[in-house]
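Beneath this line is the structure, given in structure tokens, with notes to follow.
First chain written, first letter: the chains are A, B, C and D, and each begins at residue 1.
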Amino acid sequence: MTEFQEKSTITLRETLTPEVIRLTLKAPKIAAAAKPGQFVMARTGEGLDPLLRRPFSIHRVHSDGTLAILFKIIGKGTRLMAEMNPGTALSLIGPLGKGFNLDPQGPFCMIGGGMGIAPLYFLAQTFRQSEYRENNQPVLLGSQTQAELLLLAEEFSELGYSVLTATDDGTLGHQGFVTELLDEILRKIKQVYVCGPIPMMRTVALKCRDAGIACQVSLETHMACGLGACLGCTFPATGGGYKHVCKDGPVLSADEVIWTL
Amino acid sequence: MTEFQEKSTITLRETLTPEVIRLTLKAPKIAAAAKPGQFVMARTGEGLDPLLRRPFSIHRVHSDGTLAILFKIIGKGTRLMAEMNPGTALSLIGPLGKGFNLDPQGPFCMIGGGMGIAPLYFLAQTFRQSEYRENNQPVLLGSQTQAELLLLAEEFSELGYSVLTATDDGTLGHQGFVTELLDEILRKIKQVYVCGPIPMMRTVALKCRDAGIACQVSLETHMACGLGACLGCTFPATGGGYKHVCKDGPVLSADEVIWTL
Amino acid sequence: MDPINTNHSVDMRVTIGDLQLGNPVMTASGTFGYGREFASLVDLNRLGAIIVKGISQEPRPGNPPPRIIETACGMLNAIGLENVGVERFITDKLPYLQQFDTPVIVNVLGESIDDYANLAARLERVEGIAAVEVNISCPNVRKGGVAFGTDATMAAAVTSAVRQQTRLPVIVKLSPNVTDVCAIARAVEDAGADAVSLINTLLGMSIDIKTRKPRLANVVGGLSGPAIKPVALRMVWQTAKAVAIPVIGIGGIGTTEDALEFLMAGATAVQVGTANFYHPTSVMDIVDGLEQYVHEQGMASVRAVINSLQV
Amino acid sequence: MDPINTNHSVDMRVTIGDLQLGNPVMTASGTFGYGREFASLVDLNRLGAIIVKGISQEPRPGNPPPRIIETACGMLNAIGLENVGVERFITDKLPYLQQFDTPVIVNVLGESIDDYANLAARLERVEGIAAVEVNISCPNVRKGGVAFGTDATMAAAVTSAVRQQTRLPVIVKLSPNVTDVCAIARAVEDAGADAVSLINTLLGMSIDIKTRKPRLANVVGGLSGPAIKPVALRMVWQTAKAVAIPVIGIGGIGTTEDALEFLMAGATAVQVGTANFYHPTSVMDIVDGLEQYVHEQGMASVRAVINSLQV
């Protein structure tokens, strides 16, 4: 696996909500090598505070050598990035980690919660160009409220997916957890791809296990390097010891990890 | 003495050279209270690196509640500030320190080297509104090359001063040290106001001492607080001990400090 | 400069020995001058206590410049304990502070046990001093400082000497440049300290590669600021478990969140140091912030935060 | 990834015991994995030496997560010395590194003197290892680490045990969490160390005020990065004056300027740690930068920089 360090340049900045930003970045080497589910480590500025790079899923890849990341403002790193305008340089390392298994072995479903939606779009893009290009595959998207979901839901629809939404406040689609939408779909599919908050992924993982369906999860942990060197990004593994999310993941089979965390 | 902490807003950014920037800032309380020779402590960003505020002379004061600072890019603090655009907020504390003695007791001369020119403009502005408003008082300005001097020289001229310039490379005015221009003027004046690099101020201080002329210098030292609290900003004082540049100065009578540094 | 939440009736009092503070936020010695320097930016009445610049028997001119250098998220200082001496402190500096309701704590330093004892005896005879903080840890002066603060026996000796000379609460300020801060803390507790405060600065250094000289005239200096916060918090947590007397947390505190971390780790109060330089209003922001936190959490008093860490 | 200044014919060699390095820039243990992790970003042939993640006799799973936390200009880690164990290191990790010209130094750790001795004996029988770095300073494991590194007698005992088992150069890596690092350095020098490296991490802590729990599952962890550079530099300077063996500087080094400071303070070589995470190409930038500095200064060799500080 080859990683690149690229001084990317922001080409587009989209404000989905005051808290959710999408940056498109010119990073031709990383864009060319990227696979769905992989991520980049981004330096949030020139200074030493914040010190560490921040991990972000590769959200989209375009044929012009750009890629996009989609993120929510959480703390000081994302706040700095949210203020960056087109033309600003951003150091990226990537593509990193192990992406999604691209052979779902039949009908599949994607489930994204919050910013967990980010990697799924790249996956959806990729399936469009593969043998799994049938229309109306289900995509379940959840968030707190409609604002951060509207544009994304439309974009998945444009790719030909059948999008179902859920919001905590009921402002778009089902009111409640996005996982509640899964039950009716489960018996029609062979594989679930899920990314979102841990409780959500746990729920999905358990439903899939009960239904005997394969489930791929994309995990988040604190990361210092993203390269497998610091050993900081551990998640308890089934059968003892730990998975290193940056190298063994971020995408893992749901049964490889322990969901009691 | 009352200091204010103000969240100022940049209203104008002028690029005198790629390295020399002038920022005009809306800071009505500080602007109203400021006296020539005083300074502000500016926070260069939201983060903790750089940690300390940076001291800058008050360069101009306008009646609309704005003031200007004029600075050269030296290290990471000034580099961050140089990239700021109108609309950006900048936390200022000021006005700080003891400014120039505004009673020159007769004809006077101002001598500025490099960014030492900054406080002299505010002094020149102030004299225009005082009893010392005669035309053609001499102002000697020096720098490495013409680029950073052109506009400033013109601005002093517009106030009615008689500007003489010196550049290291001879691209504007006298080729050599600005202090060399002082000799012919010395016998016509009662007071010198000088701000610039230490070697330059020392030369001027010694010339004034020999000629029996009063000399006010504006000193620079590393400062953590600007408020007289950290005791970090010391300069060896005549007769032992130290002057605290942020409180006892930055403007001092040249004979109050030891020039052997 | 009014508190944001004047309508909260929150109990913010904490007790250090016999001394009751209106709230747990103090200014760290050497970072707030003699108080007056901040009077136009900070409402001195709102502070838990003011700890003044360290005072010695005789005035001290301090070290030659440069005395301060910025480092990554921190700063090095080698002020060399410049101060006006105890007599001028009493006549010139203290009267100004006495007009406020805020307790004044005097930080003292000496080069011999006698120095400390004499200072304590002298301050005992003065009105308007709430407590003495004994600086046994300043790394900037070759004699004195380092030796007292890094040796449990010496630290205890200084503490008892001060204890014998004063009925004021005695706070001993500990050095972090030691293998086992708990051992020193226990020693000074046994010797009669009413409280310990920590940490003083970490000994550090910086070199100017252009001149190939140390950046500080004194070669080494004390590291302070956000950079040292994790070390300070660890030492406060360890010390709070090791002694029964109150612990006062110091080191890199600049925000309400920082102060909460130290209180949760077991500190009864905190001191704000370097933050006074880069953000002079932080002491007031922290008082407001703690008040709001206690209110929002529905706690009876700020004391409920102390030692609330779940390990 | 070619050096910027390939045309400089600059002598960059330095010597640590019997080991000659092509240049003084190494990777710090635990921050560069087993080398391979950086192979697509760093030209491993250009490094002075690669120091691998600390190795114990048996594989260790390490601590539960969270293991790392960012702090102001630094980070805390409590990895818990996760490693593959010496046997799998030899069979799975070492062969890859042997294809490069760069010396491989193995960082070892144990919980008893026997552990260290056994590891040294085992590595002695393996081809392609240039030196052993003895980690007596890791703060993350309750037994072992802390005790060895903070006590001169214990540190010396570990050193002689290792010394007796190997003819390889022995580098002893010192802990900064001590009152007198020079005393420990002299003790391990007397016990037969060929060099000392310092500093390992400073013991620190961080609290999540929302959950009121420590942010690290292990409660305390090691502070590294730019925040600790002033402390590291001071200790390196003191140690270089205290011992006759080479000193290797570690702590917050991320740029050429940082490396120069340590060399000027008396370090014969440097290790880059946390910077490998946030700026993986820094090791190469530093090699380039030092080369350029030596060239520009018209020096005969990089060795002219070492100990050039004017105090």
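The criterion applied here is as follows: contacts are C-beta pairs under 8 Å (C-beta built on N, C-alpha and C of every residue); 3 or more make two chains touch, one makes a residue touch a chain.
Quantities reported herein were computed from a predicted structural model and do not represent experimental measurements.
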{"item": "Chain labels contacting subunit A and also subunit C", "value": "B, D"}
{"item": "Chain pair that, of all pairs, has the most C-beta pairs in contact", "value": "C-D"}
{"item": "Longest centre-to-centre distance from subunit C, chain (CA-based)", "value": "A"}
{"item": "Mean-CA-position distance for subunit D and subunit A (Å)", "value": "36"}
{"item": "Gap in Å, rounded to a whole number, between the CA centres of subunit D and subunit B", "value": "47"}
{"item": "Touching two or more other chains - residue numbers and ranges from subunit C", "value": "72-74, 225-226"}
{"item": "Junction residues of subunit B, two or more chains touched", "value": "48-50"}
{"item": "Chain contact graph, described as a line, ring, star, complete graph or other shape", "value": "complete"}
{"item": "Subunit D contact footprint on subunit C (complex, rising order)", "value": "71-74, 76, 150, 177-180, 202-207, 209, 211-214, 219-220, 223, 225-231, 233-234, 237, 252, 257, 260-261, 264-265, 308-311"}
{"item": "Touching residues (chain side subunit D, partner subunit B) in the complex", "value": "72-73"}
{"item": "Interface residues, subunit B side, partner subunit A - complex", "value": "45-50, 76, 80"}
{"item": "Subunit A to subunit D touching residues, read off their complex", "value": "1-5, 43, 48-53, 93, 221-225, 227-236, 240-242"}
{"item": "Sites on subunit D touched by subunit A in the complex", "value": "30-33, 37-38, 40-41, 53, 61-62, 64-70, 72-75, 77, 79, 82, 225-226, 274, 276-281"}
